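Below: a set of structures, written as structure tokens.
Both complexes shown next keep subunit A, but they swap its partner, so subunit B is in the first and subunit C is in the second.
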Partner chain A sequence: MTQVLGEVSQSWTVKNDQSRSEAFLKSLDPRVRLVSCVSFAFLISAMHDLGALTLALGIGLGLSLSSRLPLWTTIRKVIVVDSFIVVLMLTLPFTMPGETLFSVWGWDASKEGLYRAAEVGLKANAILFSLMGLVGIMEPSVLGHALYRLKVPAKLVHLFLFTVRYIDVFYKEYKTMRMAMKARGFVPRTNIHTLRSIGYLIGMMLVRSLERSDRIMEAMKCRGFDGRFHILNNMKIETRDRIFAGCAAAVILSLMAVEYF
Partner chain B sequence: MASLISLRGLHFSYASGLDVLKGVDFELNAGDRVALTGSNGAGKSTLLRLINGLETPNSGEIHAFGAVRRQEKDFRDVRVRAGLVFQDPDDQLFCPTVAEDLAFGPLNLGKSSEEVGEIVGRTLELLRLEHLADRITHKLSGGQKRLVALATVMALEPEVLLLDEPTNDLDRDTKQHLISLLTELPQAMIIVSHNHHFLNRVATRQVELSDGVLMEQAA
Partner chain C sequence: MHIVDGALSNPVLIGGGVIAAAGVAYSLKKLEPEDLPRVGVLSAVFFVVSLIHVPLGFSSVHLILNGLLGIILGWAAFPALVVALLLQAVFFGFGGLTVLGVNAVNIAFPAVMVFFICRWGITAQQQNLAKLVADVLFAIFFILSIWAGVSLYEAYQTEGATWRVSVNSISLALFALVMIYGYILYRRKTLSVAGFWGFLGGSLSIFFTAVMVAISLALSGDEFAKAAEFVIVAHFPVMAVEGILTAATIQLITKVKPELINAVR
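Showing the complex of A and B:
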């Protein structure tokens, strides 16, 4: 999780001297960014018009570019998502019935299938880029607070925050144990010994996380925890947030216009 | 003056049936900085957990802050007044940022946001950690985590500090910093540690747990 969300807050072009557009996107209230992004994503997932989707992808790319995402991490993330899309591109034309466009070794590729694959690819990338540009640059803790302020149930928010906090600890524990196994000459092979050892490793991870959660609970009790969470926050909607929200609404409405009229 | 915490004839055995404490008697007075030593598995951490009510003794009495403490609800107040700093800071720090982690305790005690902000600022200043306020807790170094864990307990403004192996994975400078901090603090404290150099510098009294009983050591 921290690898996915955490490091994005660093820019790849300018280190300390933030560019203006980046500073602008970051200075916006996280709630405004989150709501705009989610409504944008909902709209995109309901659209079918390729022209409107291409426009949406352009907007997503624009947001990603102006938030100056770190180049290589971004490319890696995009590749992960798009490798799935490529599989779709390769299979959909041959599995959807419809007008035959061309055929490969007796397999007919349908026009409808190709169309659908293009649609899914455009949708996925448009959502991905706008998500990275608007939400990806947030620290996970900020995202948690924004969700809380948007009245997402406190239990879910804390589940999210605890996950962000401890996934790193568990990952480190996993790495340490793997290292210890390697240090005693363990090499994974296809045999019972490997399966058993990996089983022990996973089992030990579960036991350790259970024990850790007990200790965290005790540490919380020692600080007067009584089952209720209190969140400190200081988020404020300002003029620039209103302007951005207005622009987002205008973009969403015009996309709807392109799609439906 | 009555002692802050007094233990009489405390017996405790683990779920496995192993007797670890066999009649522990102990007094903690104001201003005491007690070094609690003993071999591995002697029950040092268990003793701290008993004082805080995280474990229940098989028999014996725990007096804390002028009252006998028996049930879970008796201990709620003890836990806040006798702040326990855990062995592993990763267990203690669970909030996203340092300031929020410090605020967690006081917020639980029902303090207002302004008061909490003030306490957080004051505690960070006391431990000279102001520069860490907005850092993400899991990205701190081992030594920083340990000091912040101490700060989260100090934010409760406890009367007694219970420190479980506070010097683990501290480098020399941070250890020095911790020594000067602890000797400046007015709180009575019980410190579990194997580091004799550290204990000699900080402690005013030394007790050793061996074979389930507590023995006062000559200074």
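Showing the complex of A and C:
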């Protein structure tokens, strides 16, 4: 249903269809996946040792591979992140002072800068891969429910669920309006006319969204909304979740060992 | 605009996370359950808007519109942006998980600032005051631009002028130029009074965001100092683009549905 957020999320409330065999990671409890991913990410961002970071990148890649991500969307995401990293790789050696490695047109590239760039690149990719492998395969609504079960404030979770629910609706509306503009010969260029037209488009979307939110509120009141939402999804921690949590803790501890000893 | 995972130092990450959590907590406390559908739907719209690319020369920029978000949502900009950034990090891979707090503060704090600086000018019943302040602001920007020009000229004259001085004056000059451009549009009746305040909000929020991104980069290490300066200078075209867009949106809203500005308290 939520096409904007990617094809990994196909259904809103119904469980994944059982026809194709699920990846093992997908069958785990979302909370366990979320918590282990977040702690892994924070551990990685605190590490500085290149060896440990390479190991972490390997673990992240393994997680991504075993969760059977759609190939092309994954590559596209990685390219987006790595385009920043490439810019960093090209500039950091020249802006960071240190031992000169080589020089281009009078600019000295430092060894320390190269190390720093490699460190940032490894960290970003390791976190990205583990995030995609563990959390990115969840349906957005399941992620919201997991956040709720992890005691994230209920209002924030409801805001999250509302946003997820209506992103697609307004994306379709946006596409319709762009189509209507195109039919009237609108071609975006760098001028005030373009900016004003897109500004009006955004304004119309906001106006319509306000009207829609009033209808939503009326419908909710009609069904007895009393300021509380009920989250129906009940999650259970099973043996395999415990095993996975244990493995994750072991991996995190051993990474720390590699880093600090 | 998004900082990737791994670039920032731990104190900056923790500081950003704490400030973001405080902002979200305060704003959620203020938010009534009745307003949740409104904020949720509006934040979905802003998520979609952030996917729009506007052509800019031979390239294109994607919109942030945190000024407009701040003007309409006020304090609720904090949770709305945290949700949007979380979705972008998890499902698009933009930004990152550990920098979520820093990114949220960098984008949401300017939004809330703009809410306090610019919203009264848009909703003002008596437009004379809003007009007067606009004129005064123009005078300030004009003086700023002259000062920046003079200091640039001096840096050019003195032998061995440092790069830092010239970058600061270049950014100041560009900032004043963008603001004067907005004022000229307003004088030529392209923008209404509310539109001018919208322009101010849209461009100021981008400027603040760029400055805050630069600060969080510079705090993380000296090696990012050049990158931080580059971030500020690179955002001036975006400032103009977002200013005009926000102005157009505000003009439409004030004509079509003025109550939208006061939709979320």
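Keep in mind that, in the parts below, the second predicted complex is superposed on the first by the 241 of 261 C-alpha atoms of A that agree within 3 Å, B and C clash if a C-alpha of one lies under 4 Å from a C-alpha of the other, contacts with A are read in each partner's own complex, and residues count from 1 in each chain.
Quick note on the criterion: contacts are C-beta pairs under 8 Å (C-beta built on N, C-alpha and C of every residue); 3 or more make two chains touch, one makes a residue touch a chain.
Treat the numbers as computed from the prediction; the structure is a model and nothing was measured.
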Seminar exercise, completed: In this superposition, the partner of subunit A with more touched residues, subunit B or subunit C, is C
Exercise. What is the contact status of A:S141 with respect to subunit B (first) and subunit C (second): first, second, both, or neither?
Worked result: first
For this session: Would you check which partner chain A:R212 touches, where first means subunit B only, second means subunit C only, and both and neither mean what they say?
Result: both
Exercise. After lining up the shared chain so the two structures overlap, which partner does A:V164 touch, if you call subunit B first and subunit C second: first, second, both or neither?
Worked result: both
Exercise. When the two structures are overlaid on chain A, which partner does A:R223 contact: first (subunit B), second (subunit C), both, or neither?
Worked result: first
Seminar exercise, completed: Overlap of subunit B and subunit C contacts on subunit A, residues 6, 140, 161-162, 164-166, 169, 212, 216, 220, 228
Exercise. Mind pulling up the subunit A residues that touch subunit B in the complex?
Worked result: 2, 6, 139-141, 144, 161-162, 164-166, 168-169, 212, 215-216, 218-226, 228, 230-232
For this session: Note which residues of subunit B are touching subunit A in the complex, please.
Result: 49, 52, 54, 76, 79-80, 83-84, 86, 88, 90-92, 94-97, 99-100, 103-105, 107-109, 113, 116, 136-138, 152-153, 156
Problem set entry | Residue numbers on subunit A that touch subunit C, as the complex places them | 4-6, 8-9, 37-38, 41-42, 44-46, 77-78, 80-81, 84-85, 88, 91-92, 95-97, 113, 116, 119-124, 127-128, 131-132, 135-136, 138, 140, 143, 153, 155-156, 158-167, 169-171, 174, 188-190, 192, 194-200, 202-207, 209-210, 212-214, 216-217, 220, 227-228
Seminar exercise, completed: Within their complex, subunit C touches subunit A through residues 4-8, 10, 13, 24-25, 28, 31, 33-34, 36-45, 47-49, 51-52, 54-57, 65, 68, 72, 79-80, 82-84, 86-87, 89-94, 96-98, 185, 190, 221-227, 241, 244-253, 256-257, 259-260, 263
